[in-house]
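Once you scroll down, you'll see the structures, which are given as structure tokens.
Presented sequentially are two complexes of subunit A, the first with subunit B as partner and the second with subunit C.
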Partner chain A sequence: MNWDFIWKYLPLYEKAALLTVRIGWAGIALAIIIGILCAIVLYFRIAVLRRIVSVYIEISRNTPLLIQLFFIYYALPKVGIPITPEVCGVAGLAFLGGSYMAEAFRSGLEAIEPIQMESALSLGLEKSQALRYVIMPQAVSVSVPAFVANVIFLLKETSVFSAVSLMDLMFTAKDLIGLYYKTTESLFLLVVFYLIILLPISILGSILERRLRHAGFGS
Partner chain B sequence: MPDLGLDVLFKGKNMIRLLGGLWVAVKISLISVAISIPLGILLGIVMTSKNPIIKAVTRVYLEFIRIMPQLVLLFIVFFGSTSAFGINISGELASVIVFTVWGTAEMGDLVRGALISIPKHQYESSAALALTPAKTYIYVIIPQTVRRLIPLSINLITRMIKTTSLILMIGVVEVLKVAQQIIEANRMSSPNAAFGVYLTVLLMYFIICWPISMLAKRLEKKWG
Partner chain C sequence: MNEELLKVEHLTKKFEDNVVLDDISFTVHKGEVIVIVGPSGCGKSTMLRCINALEPVQGGRITIDGDEIVYGSKNLSSLRQKIGMVFQSYDLFPHLNVLDNILLAPMKAQKRKKDEVAKEAVELLERVGLRDKAKSFPRQLSGGQKQRVAIVRALCMHPEMMLFDEVTAALDPEMVREVLDVILGLAKGGMTMIIVTHEMQFARAVADRVLFLENGSIIEDSEPDTFFESPKTERAKEFLNIFNFERSKEK
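Let's look at the complex of A and B:
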């Protein structure tokens, strides 16, 4: 292990990691918004929209992110939608993540027994109040494990961004391996940086999951 | 209607070539799944062991494999094997190794989850009915575990197929690479080929994965 090499190229990896994190969080934030909207459409069985959302979810879940990125980055400009690598990364992650988040939120909402809503209504709560004070708090705690798993999954998926010429961690590692043949050092830094990004979230997730486990009613 | 470059697909053997590329990716995922499932079942059973050393080792293996992006694992095996052992392995072999190691971890976790989800009273009732431990497993535990496992393993196949698209990044000639070649070759005659070709690749993956995940969903509902 050549430590001089590692110290020398550390800043390069830092820059790449920041890019990964920035695009990752932007994509995940959008995915959460898409997920909430889709889950609401599915939960309330809104006509027409429901069909569109189901088709979107099936397409997004049954195709790889890499192909989605290629389509967004190379194919969409051909029909007059210009796109930069950063926008492509965020859009791809949001497109993929939206469906995973939607499923997490929907299964949270559907895990709440109808009797909860009925009881809330019979106690004189408005439908919106019932949602706000009775359904949502329980649904959120049910969806937390799936939600955290999705966040980790999506951050891991960011590793394909180099395919659309974003200079992320994978790009940096491959570049250094090609230029200097310092394979061990480059791969070591790659693993360390992904651990720095992913490990805290994974640990935070399991703490959160343990604390919320008893939040549901009757469990 | 703008030119969407769909004509390129029907030129010469382009469609056949794309399908051939897809088969490379699907073949690698099927081989990896076929090896991962038996290994994963073994791992899952080992993981329910009470021995603290076995528990710690399997746990570290599982956590490391699951937290690392699969592409990082591919890089480690593909580039790392050359510098660490001086051997040069092909992209295909590296892919099979990585996806087997990853699939085994995922499958092992599913099996462990299914095994510990069987309530303790199932074992106790079997013992009370004078079933031997072997009979308890054959007639009581395994049938229940298998029902939980089959939909999850089918899902693992679709995840595997989707993940094998990454092999492009270590230089394996698969469907995306073939797509790039076709687009490049027709750059002059059909400048918009990228749209039609990438759309086709996207649809190909969808046509493979969608029925499989529908089957998994149906079985999950039926047995859940």
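Let's look at the complex of A and C:
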């Protein structure tokens, strides 16, 4: 192991890691929004939208992120929508993550007994209020484990970003290997940086899970 | 007789081809306590659910204070605020403590001030003997306590009438009493109520009128003493006999 090499190229990895995190969070934030909206559409069986959402989920879950990125990056400019690598990364992650988040929230919503909604309605709350104050808080805490797993999964998926020339961690590692043949050092740094990003989330997730279980309301 | 509060006219409810409620009509006057009895599956609970528009109906009209209650209509939540409903399975919101369970609807649906509602909630909790449970979560309460909280939660909305759907069916015998006492207290206070129950002695004590429902029809509508002493129909006699046990051995 050549430590001089590692120290020399550490800043490059830092930059790449920041890019990964930035695009990762933006994409995941969008994925959560898409996921919640889709889950609500599925939960309330809203007529036409429901079909569209089902089709979206199937496409999104049954195609690799790499293909989705290619599609966004190369196909959209053809129909006159120019796109930067960054936007492409965020959009791709949101497209992929949206369906996974939707399924996580939907299973959370469906875990809540329908009578919770009925008892909220019978008190005179509007449906939207019942959803917001009664159903959602319970559903979200049920779906926390799946949600955390999705966040980690999506951040790991960012490793294909290099395919659309985003200078992320994977791109940097491949670049250095190509330039200097320092495979061990480059991959070592790659693993370390992914762990730096993902371990805290994983640990935070299990703490959150445990606390929710202890607060576990039962009924 | 007081003025009419709730009017059910020719109510018909079907699940696909299965007729659950068949041309039901009755009127509830202010301050009246109506008890509905009948065998399981006769449509008692479904009827309460229809009154609160939790189920679509296939025919008939339900009105409260002259306003029609229509499943899925826009003004439903304001009409539902006039009708408090308590379910068999309590259905407190498990993520909120007792006080927040009670405060949610008055604050969000009626936009009332927190202090004012909280004061009232604590008074009501005091009345049902649960003042010290205000900060407890539902999972920390017994079935009877949860059910009393559910009643307080409904009362805090100042409903004009209350619906009780077999509220003691899931409770241990000792807890049944504490819940029934609360309902008896409400009856004394002049609350209009429709009560579905299998507790016959309680029914007799609390009712102004008893409706006997079978196969989706009201086949008897009488004063409690008349109903329990000398029911008019054979079917009601049979039904009431279920609650009597003959001694199996001579002593």
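For the reader, a short list of remarks on this structure follows.
One rule holds for everything that comes next: the second predicted complex is superposed on the first by the 208 of 219 C-alpha atoms of A that agree within 3 Å, B and C clash if a C-alpha of one lies under 4 Å from a C-alpha of the other, contacts with A are read in each partner's own complex, and residues count from 1 in each chain.
Here, a contact is a pair of C-beta atoms (placed from the backbone, for glycine too) under 8 Å apart; a residue touches a chain by one contact, two chains touch by 3 or more.
Owing to the predicted nature of the structure, the values given are computational and were not obtained by experimental measurement.
Shared-chain residue A:P137: touches subunit C; no touch with subunit B.
By the touch criterion defined above, A:F5 reaches neither subunit B nor subunit C.
When both complexes are overlaid on chain A, the residue A:I115 reaches subunit C alone and has no touch with subunit B. In the superposed model, A:Y56 makes contact with neither subunit B nor subunit C.
Of the two partner chains, subunit C is the only one that A:G124 touches; subunit B does not reach it. In the superposition on chain A, A:L195 contacts subunit B only, with no contact to subunit C. In the superposed model, A:W25 makes contact with neither subunit B nor subunit C. Once both structures are placed on chain A, no subunit A residue is touched by subunit B and, in the other complex, by subunit C. Looking at the complex, you find that subunit B touches subunit A at residues 2, 4-5, 63, 67-72, 75-76, 79-80, 82-84, 158, 162-163, 165-166, 168-169, 176, 179, 183, 191-192, 194-195, 197-199, 201-202, 205-206, 209-210, 213. By the touch criterion given at the top, residues 52, 54, 77-78, 80-81, 83-85, 87, 89, 91-95, 104-105, 108-110, 137-139, 150, 153-154, 157 of subunit C touch subunit A in their complex.
Across the complex, subunit A meets subunit C through its residues 115-116, 118-126, 129, 133-134, 137-138, 141, 216-219.
Considering their complex, residues 58-59, 61-64, 66-68, 70-71, 74-76, 78-80, 152, 156-160, 162-163, 170, 173-174, 177, 181, 183-184, 186-187, 190-191, 194-195, 198-199, 202 of subunit A touch subunit B.
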